[in-house]
Amino acid sequence: AEKVSVRLKWVAQAQFAGIYVAKAKGFYEAAGLDVTVNPGGPNINAATLVASGSDTFGVVSGTEGMLNARASDLPLVCIAMSQQKTPYAYVTYDDSGINSVKDFKGKSVATWFTGTQYTLFSVLAHEGIPQSDVQIVSQPFSMQPFIDRQYQVATVTLYNELNTLREQGINNIKLFRPDDSGVTTQQDAIVTSERMIKEKPEIVQSFLNATLKGWKYAFQHKAEAVDIVLAAGSGLERKHQELMLDEIENLMTAGVAKTEGLGAIDMASIEKVQASLIKFGGLKGPVDLKATFDQSFWNKVPADDKKL
Amino acid sequence: MTMRGRILTSPPVTVLLVALAWLAVVPLFNIEPRYLPPLGDVYAEAVKLWPDLLAGFWRTFLETFIGFIAGALIGIGFGTAFAYVRLLERAFFPIFVALQSVPVIAFGAIVVIWFGNTILAKVVIALYLAFFPVAVNTLRGLSGVNPGRAALLSSFGASNWQSFLMLALPSAAPVIMTGLKLGISLSLAGAIVGEWFGDTVGLGVLLLQALYFEQVTRVWVLIIACGLLGALLYGALSLIERRYVWWQFD
Amino acid sequence: MAIRLNGLRTALPVGLALAGLLLAWEAAVRLFGVPAFVLPGPSGILVTIAEKSNILSAGLLVTLTEVAGGFAIGTFIGVALAIVLVLVPPLELMAIPLVIAINSVPSVAFVPLVLLWFGLGMASKIALAAFAVAIVVLLNTLQGLKRPESEAINLLRSFGASRFGILFRLRLPAAMPFLVTGLRVGLARSTIVVIVAEMMGGYGGLGQVIYQATAMMDSLTVWAGVVVASMASLGLYGLLVALDRKLVWWR
Amino acid sequence: MSSEGIQNGGMAARSKASVIPPHLQLVNVWKRFGSEPNRTVAVSNVDLSIAPGEFVTLIGPSGCGKSTLFNMIAGLLPPDSDGSILLSGQPQPDGALLGKIAFMPQKDLLFPWRTVLDNATLALEVEGMSRRKARAKAESLFPEFGLMGFERHYPHELSGGMRQRVALMRTFLFERDLILLDEPFGALDALTRAMMQRWLLDIWERHKRTVLFITHDIDEAIFLGDKVMVMTARPGTIKQTETIALPRPRDASVITSPDFMEIKRRLLASVEEESMKTFALSRDAADRKTMS
Amino acid sequence: MSSEGIQNGGMAARSKASVIPPHLQLVNVWKRFGSEPNRTVAVSNVDLSIAPGEFVTLIGPSGCGKSTLFNMIAGLLPPDSDGSILLSGQPQPDGALLGKIAFMPQKDLLFPWRTVLDNATLALEVEGMSRRKARAKAESLFPEFGLMGFERHYPHELSGGMRQRVALMRTFLFERDLILLDEPFGALDALTRAMMQRWLLDIWERHKRTVLFITHDIDEAIFLGDKVMVMTARPGTIKQTETIALPRPRDASVITSPDFMEIKRRLLASVEEESMKTFALSRDAADRKTMS
């Protein structure tokens, strides 16, 4: 079997259930792959690790991150997109006096500077708010500062931080979703390096097939999928992971996935994101989208493995 | 006084006293769990986490240990080279002092690119941090060899190699020990933080997750585990020192 | 003249070695076409330092403030506690095992908690640095305060000196070299913990600059940050060496 | 034999004491360390008496309890309750002696971070004298102590003899009538030492203080003292008191005079007997150690 | 006056040398440290000659160059090129002396991490003797050196006198006919010292080696030596050689004999003159220092 590794953008959790399921159920093995799953973390950049060849594949960043990576000349190629809707939302307390994104003006807004900030920038641009009017701060991966009201607005992922807040009994909050401001970015790109595509396209294909198959299986057998995730990560809480998997299913089966299947790349939304990034200076110029988002592998995935 | 003193200073008694204080203080001052969770909760959490905790403890220990041993050996090697080749010292020692200030932990992400996602990446970070204090102290110890003793040995017709083995190394040993003791705690910090750059097992990983999932009680369990590991490593070194390197450097 | 020649003689080997290393690095990077995200050449890093000088200097200012603040507070606390413990021996008997236990927890393990307690601003970094410094300073200073032989203490007693007289005239000066050693160890620990804490959560500082640059795949800026941080910490080290000469002039 | 010595010494001292009260008087002083079975009796049953202005030297084998005796006289250690120390006839309760006696310990104990001048003024500072005044007072003594020009030096820049003179100056500046010197010249080489002895006598003759001086060196003890007291091996007690009738001022040639020789011969025999005992004792101790 | 002394000493040595070659001979030996203007002349123009089996003591003020001279004889420092060192008549080029002479430095320099036994066998180990054999050889000397039962002790457990005896044993075990002892008893108290001196003579008389012995103590020099050489203040040279005709074996009573006294008086005068010079020198140096 071919030894390959896949680098995740974050620690082991249900966000990556499909990968763990594909491995546990032997889908990778059946495809002739011996896969090692490497978790990510706050301080590493999964994209760089894949581009440098340290890892063969990755579940990294999203639309903006891919564009940024190519603008930085990383030889990184996206072969599928996991989440079809923007998984982020902005939260504030009910009593904050903020009733719409327009009210972010003059407030301190925290977001992750790991690529997620571009989503915020796009949202602000779409709402016609100059960035300089908002005090944007770097959000750590803990929600505690928000709970302590160190800033008025924080970013959450629908599948994790939002649940964390609810688990702590914090329900007096409201949400603003980028999609409502007309900003839709796909997230959790499945990537590999240009070199892999050139030298071992069949491996790339096998990996993608097995991964999507894993996802499909995970959504069909959620309890089992959660078991598999719990076995992969140390010290995870079952309840939390169940909620996460539910939300991940929402995100992954929305948009073009509904019609075309899991992992579809939505080129139309990507072009829109690129245009708006260029507009507010997040990107110097257009990148070669064809080379960045290679749909040829996804197209060849058997319908059985990806169609819902 | 001395009897009482000995009882009060024995580690088990200290642990007991701290535990009692913890038990008393939390309800007494109504301390919020985010500042200090009740000891019972911490214990329960530890029990819940036990297998992972054990695995993490072992893994972090391994990273620290291998990194430390490698760092110590290389450090002693470089320190010795510096002590015996003056030009090497003059040319490279200042650069080493500068390199010591490089926060490896800050670019662990790149270390992972260089050394892959194996245990090696953490070992390298632990090694790097342990290396400097050991190298510096080896140099200091070896260059502080009493010239009188050295002269005595040469009057017996000792070769350089004999002088090194019989005199320089043992007389520098206490200073090297000090370097090792400094190095081991840095190694542990390096291993823990190194795990934040992508791993599945280890105390550092658990710590990161605990923070991500907002589990303060678990953070306390892990702090205690880290302290235990640190005390274990440091204690082992001190024991070796007391046993084998009990003389003073002069 | 003699001094200049001497300076040259010490500077020359280091200068040559440094130049050689940098050249080899640059050449290797260019020759083997190492991509920047694996390892950029020194020239590229230098250029980036110049280009990003405003971000870097802002970050540097924050980090230095945190380290310096933590240092000052930690030293004060460490020395004060050491004095209390040396004046009240029963307290020392009880406190020392505890301090040693706390000392064996790597200070980075406290980062998550301290961020929760003190927030993401400078306060948490200062607290962490102060903590890291205070523990080593306490242990070292205490060792130094207990250094004077009983004969020297007896000499002062025979002059009719009080406990405080002995503390200020004998114990404290005798502890200075130990204090400085403590500071030196504290410096290594506090720079690490401050940078790590900034990476884990902060509004500024070199750790945050490096962290964001890592996330943005901007490896040149990562290295620029690392180089600036190293230089700063080297500078602090130099300052400590100078302080050592000042505080322990009699050696 | 040895108890006879004590009797004689004690009697002589007491008869003198009835005229003017002795400056210092020890009555049945004991010091025991630890408790059975590890008890060490360091000093046992010491009676002695020193007249004002007298220079008394004390010799005895290593470890016989000389420093312990001094520590008690300086008030640093309380004597066991069965004896007492009298200063000018006044009994001194525990702690009362601190600050009353100028004491120079066995090592010079200069503070390396203080200049020679500031080392000399240490006692004055402790007494609360202003720094300026203390320095002025000390400075005037520098020529006499052969330390002119070294005021701003640090101890590590001095030779052993000079360091010892600084320590002596520090002791003299702590102006007390009774001075205890614990082997002040022990660390010096024989030649430097001989010079320091003559210099000390010179100083003493001008300042006229009462001096109690410990030494290992019989020549030194005879050359300096009005009286030489010999201590027994541990538990130390006064075995013999020898009055030295050599004329003052004394110079180097005294050492080779027949009178000196005669006293030396007597003392040598007495001291040697004690030395042999310590030798035997230490061997016993070692044997016990190796056996256990 | 002092040049006359050298002439005499040199002549006497040379005439003896013509019968059997002297064990050790120094011809016009100099040692200069540093270069102008900071040159220190430590040893100047030393001529001396020691017959086999002779016990020669060397006295001179502190810093006069005694240890420097020893370092040259032991081969640790090359003498300046204008002089030479001869061993049994053979000139010794640089480095040739290392390993040929048993040398005991000023401090005991025991290795704290070695037991007494292993300290004693140090030289044997360097020579490549097996550890077992070396130990067996050393062990047989322990009774004679008064160290029985201390074989497995560590140096820090010993008294000063014992440490010194271990250092001496180490030197004796390095079996060379010429032994250099640099102030071996300098750190001991006067009483222990006196005992060690008698013990050393005893050992020497039984082992019959050639000994060159540095001391500061005139009594010691006379008591031990067949000859006493006096060195001048720095730059050190041999000022005077005094042959000691006192009968052997000598015991403690010699010290108080009139002959001894007579020699001592002569040497004292000579040495004192030199001591005064060093005193003056160090004062000059200090003055210069404070001025700059």
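The letters A, B, C, D and E name the chains in turn, as written, and every chain counts its residues from 1.
What we mean here is this: a residue touches a chain if its C-beta (ideal position, glycine included) is under 8 Å from a C-beta of that chain, and two chains touch if they have at least 3 such contacts.
Just so it is clear, the model here is predicted, and its values are computed rather than measured.
Common neighbours of chain C and chain D under the contact definition above are absent. Chains that count as touching both chain C and chain E, per the definition above, are B, D. Centroid distances built from C-alpha atoms place A farthest away from chain D.
Judged by contacting C-beta pairs, the busier of the interfaces B-C and B-E is B-C. The distance from the centre of chain A to the centre of chain D, with each centre set as the mean of the Cα atoms, comes to 86 Å.
Centre to centre, using the average C-alpha position, chain A and chain C are separated by 38 Å. Chain centres here are Cα averages; for chain D and chain E they lie 32 Å apart. Centre-to-centre separation between chain A and chain B, using Cα means, comes to 38 Å. Residues of chain C found to touch two or more other chains are 37-38, 112, 116, 199-200, 214, 219. Counting only residues that touch two or more partner chains, chain B has 34, 109, 113, 210-211.
Annotation, chain-chain contacts: A-B, A-C, B-C, B-E, C-D, D-E (touch as defined at the top). By the touch criterion given at the top, residues 42-45, 47-48, 51-52, 68-69, 72-74, 112-115, 137-138, 140-142, 144-145, 148, 150 of chain A touch chain C in their complex. By the touch rule above, chain C contacts chain D in their complex via residues 149, 151-152, 154-161, 165, 169-170, 173, 176, 249-251. For chain D in complex with chain E, the residues that touch the partner chain are 61-62, 149-150, 152-153, 157, 159, 186, 189-192, 194-195, 215-220, 252-253, 256, 261, 264-265, 268, 271-272, 275, 279, 282-283, 286-287, 290.
Residues 71, 74-76, 98-101, 103, 105-107, 109, 111-113, 122-123, 125-127, 154, 156, 174 of chain E are the ones touching chain B in the complex. If you check the complex, the residues on chain B that touch chain E are 146, 148-149, 151-158, 162, 166-167, 170-171, 173, 247-248.
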